[in-house]
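In what comes next, subunit A is part of two complexes: it sits with subunit B in the first one and with subunit C in the second one.
Let's turn to the complex of A and B:
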């Protein structure tokens, strides 16, 4: 069966995204969970994944194309109704693009179907390794000014393709890193005098994709692309945060609760556990927090889900989004999937991984789109109490303050304990304070027996 | 401690920071100031830094020694001391 693979919605308020690159080509088999390409959004460059086993039939949106949420990016052929594959693609394609290109691409797909998939992109792990290596290479001439040059891998790749020297560019990304937009902006600027503009050049990279893009309804003009390219990434993210937070405060009747709990048990257990572990296997306190919250959610599902169409829709899984501040400003809260059923080791690894990827700009679509509740810990920044703002359409955010030593009365005696203040900001349309209080208390209880987390 | 150990340790620290906090210019940091505050490292950055230093220099810093590496100066001294005793594994 032929079907469209649409631009995913990566969070409330996202209207469109720009295709950065494809990791697949027509004829290639893909499996559920594979990263098929990268899309540029106000949350940065996001790796988008496929949701079923399929074969790529055609690339509908070429790199550089801005595509509204829900409009087709690719055409896929799925295993079901295999016999229809002669006709279905053309029919489906006609509906969407009125198209000549898809049949052409289909022919190409058929031609290349038997060949092994070309290694167009690296697997994810190798990719991370590659980033690290690139940075190491860059750092070799340590005393030269070039050692401060920062560019995203995507930007480096495109600059190479366009023959642009990164040295001369002004970075607009995080930490002044050079982004894809900067490279394309430079190509456009430089190109206006002597060479064709960036978009046609970029199109050369994947000819079959460009063909499809010419008939794609949402293909931008060079002019639009240049405007887009000049946009400051920070400004775009700021705007996205502004939209979501303004909507939250406008629409969501928040109520706030706080509960100070002892962290002695957790911190002691963590110290003992980590004592003989090599650095890479040491557990993070953040993993304990995440697991404590995720476990409590199982008993308090009304805090895990979305307020949509005037009703609470409980989420299917427990995917807390972890608020991560980006160096140089901005914030993302990617999902740690199924946090309730993962071990503390797995959660620690997931947190370390997602923090690094958030800051390097390699988040996946599912991580951005899936959070069912947010957990924010400003503990590292010396904050006692976090008064959270819910990320719509979620209905709750759990805040965790700094672990500090406080006077603590217990059994008629005053001693000192390391403590943290847990807070809950929740949507009063979806839950009430009584349940909120019990939810916070449950999180606190779970932190008293870390060995059971 | 010979000179090559010292160079290796300094290069290792520089590389680790480049990865964790690329915008930080180590040269401009007060070597006696708290490095986590100076470089704005959160707890995840901190553990990633420790992991990288282990990988680069073969020095496994136990949690109980974290209070000995709170400044750039102390960190350098600590790593130099342990790297020379326990060369590349």
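Let's turn to the complex of A and C:
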């Protein structure tokens, strides 16, 4: 059966992504979980996975094409109904995209061009039929090689009034049409130079676990590749953060709890364990944190899931998202999947991997879309307490402050202990403070016996 | 005063009966039964069988009688239980009521008012769920009103009776139970202009009847997403208030037309065309439409729901128009 593989939604608020590259070509067989390509989003370049066994029939969106969420990227042929094969040998709709089609697609286009039926059109027709009900045809023909400039009538009128040349303006409307706001944006820019991008260190911007930061010192070189596209991406990411955080503060009735706990046991155990390990095999404190949270959450499922449709939807798995700040600003919080059932070694490995890939812009769709709770640590940035902002539609964020030495009274004695302040910001619609307090206390308890983690 | 749409219509009929003794109401079951939507409940006792007249099961017959009475100097309110049954009286409405002024060289006005329940959403299947309001709006010689608020339910009838020519009022079946506040001194309202029910700056939701209720809900949802939606209640489908349509598009530059009727050849197509004619250079995106799915209205609840415009559909259409606005988000 022939079907579309649509642009996946990789997180709240994502509307579209731009195809960066394909790792597949028409005719290729793919299996569930395969990375088939890379799309660029506000959160960086994300590797997208396929969710079923299939054969790639055609590449619908060539690299460079911006595709709204839900619109097709590929056409797939799934196992059922093999006899349909002859019906639509739809080659990539490269004339729709204008971008460079992968060479293989072009070759196949040439090969099939001699066949009597015009296969590409057929594919398009099918496609149009499918979306007819949705009435979003507007986004179908992305671009023909040479066509007139696409600008909305009011944008044209305003551009004329302002004396702005529409050529060269980036369209942000449907089908990348130039809209009124594009024209007025260009007018503003022209008038007042570019406003210096005062790297906004908003209080709620979370930063990465210090330990995690150490593992990717080379990340800067990757970011140096940042061209204009990179800067666009940063602007887009800032906007994505702005949207998500504003929505969070607008919609989510946060409550906040804090609890200071001793890290002595965890740090001592970590040192002993790491003593005999080569640097690359040493466990990260962040892995302990993650495991402590992931384990505690099994007893407190109301913090693990999403607030959707006016109700709490518990998540199936425990996939804490780990806040990782990016060198050039911004942050991502990719999921560490099934953190509750992985060993500390596996978690350490996973954290290293995901930090490196976050910085290099190679996150996978499932990592971006799946987090069920966020864990943020301000690591060695030197602050005691993190007041987290929940990433909607999640319902909780656990913050871990810097490990500092404090006077600590225990069993009638005052001594010195390394401690950290754990915080919980949670959605009061989904949970109450009583359970929040127990949850936080449970995390703290788990950190007191790291050998059991 | 807390009241319902149903009571507001009844009050409007009562006022008309009080004010003008040429006014009478007739339809199947309006008297002893109290009306199939209980609109005329109690009126028989109040005004007697001469003025609250139960008719035989013949739409063509009693609509024709109403037209005759209007020609003869009366001011009849002819109810047709639902628009579905009015198809039996099409010849009377379209060929007679709508044309006699013209055919008589201006000698005879036909001051009849026809009220019909319209629309789907009550699981009464295809033959009882039609939205043909826009269809009637195709006919010159008729004035088509679609009261969507308590004020209009209360106030449009008298103004319609004042009109010397035929007027059809479409009352959406889902509106009868709508509750709300109505001013104690509520009375006749003008019927010439559309009304902005909610002001906004990003997108215009242009609609009528039950669509107004749904669009207002959608506007609420859009506001939460930071999208400012204006809701224009057309109120009168013929003649359309072109100025109001053009003005709202001039303010927002984007329009979603919401119509429970089908899109092909429907009133939504007409509205979209008028936007293109009158406000083309104000558009920042193509006009979007949210209409009934082009099938006979299904009986099963989930299918009926899917076939009629819902708040989510309006939200989606508006979002799609807006999403381009700020690029990727």
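Keep this in mind: the second predicted complex is superposed on the first by the 301 of 453 C-alpha atoms of A that agree within 3 Å, B and C clash if a C-alpha of one lies under 4 Å from a C-alpha of the other, contacts with A are read in each partner's own complex, and residues count from 1 in each chain.
Assume a contact is a pair of C-beta atoms (placed from the backbone, for glycine too) under 8 Å apart; a residue touches a chain by one contact, two chains touch by 3 or more.
Everything numeric in this text was worked out from a predicted model, so none of it was measured.
Asker: Is A:338 touching the first partner subunit B, the second partner subunit C, both, or neither of them?
Answerer: neither
Asker: Should A:16 be classified as contacting the first partner (subunit B), the second (subunit C), both, or neither?
Answerer: second
Asker: Check whether A:68 is in contact with subunit B, with subunit C, with both or with neither, and answer first, second, both or neither.
Answerer: In the superposition, A:68 touches subunit C alone.
Asker: Based on the superposed arrangement, let me know which partner A:52 touches: subunit B (first), subunit C (second), both, or neither?
Answerer: After superposing on A, A:52 lies clear of both subunit B and subunit C.
Asker: If you stack the two complexes on chain A, which partner ends up touching A:349: first (subunit B), second (subunit C), both, or neither?
Answerer: After superposition on chain A, A:349 lies in contact with neither partner.
Asker: Check whether A:243 is in contact with subunit B, with subunit C, with both or with neither, and answer first, second, both or neither.
Answerer: Only subunit C is touched by A:243; subunit B is not.
Asker: Could you look at A:327 and tell me whether it touches subunit B, subunit C, both or neither (first, second, both, neither)?
Answerer: It touches subunit B, and subunit C stays clear.
Asker: Subunit A residues touched by both subunit B and subunit C?
Answerer: 135-136, 177.
Asker: What residues of subunit A sit close enough to touch subunit C in their complex?
Answerer: Subunit A reaches subunit C through residues 13-16, 41-42, 66, 68, 133, 135-136, 138, 152-157, 172-174, 177, 179-181, 236, 239-240, 243, 250-251.
Asker: What does subunit A use to touch subunit B in their complex?
Answerer: 132, 135-136, 139, 142, 147-148, 150, 175-177, 271, 274-275, 278-280, 282, 284-286, 325, 327-328, 351-352, 355-356, 379-381
Asker: Under the definition above, what is the set of subunit B residues touching subunit A in their complex?
Answerer: Spelled out, the residues of subunit B in touch with subunit A are 11, 14-15, 18-19, 21-23, 25, 40, 42-45, 47-48, 50-51, 54, 60-64.
Asker: Which bits of subunit C are touching subunit A when the two form their complex?
Answerer: Touch residues, subunit C against subunit A: 224, 253, 280-286, 288-290, 293, 317, 320-321, 323-329.
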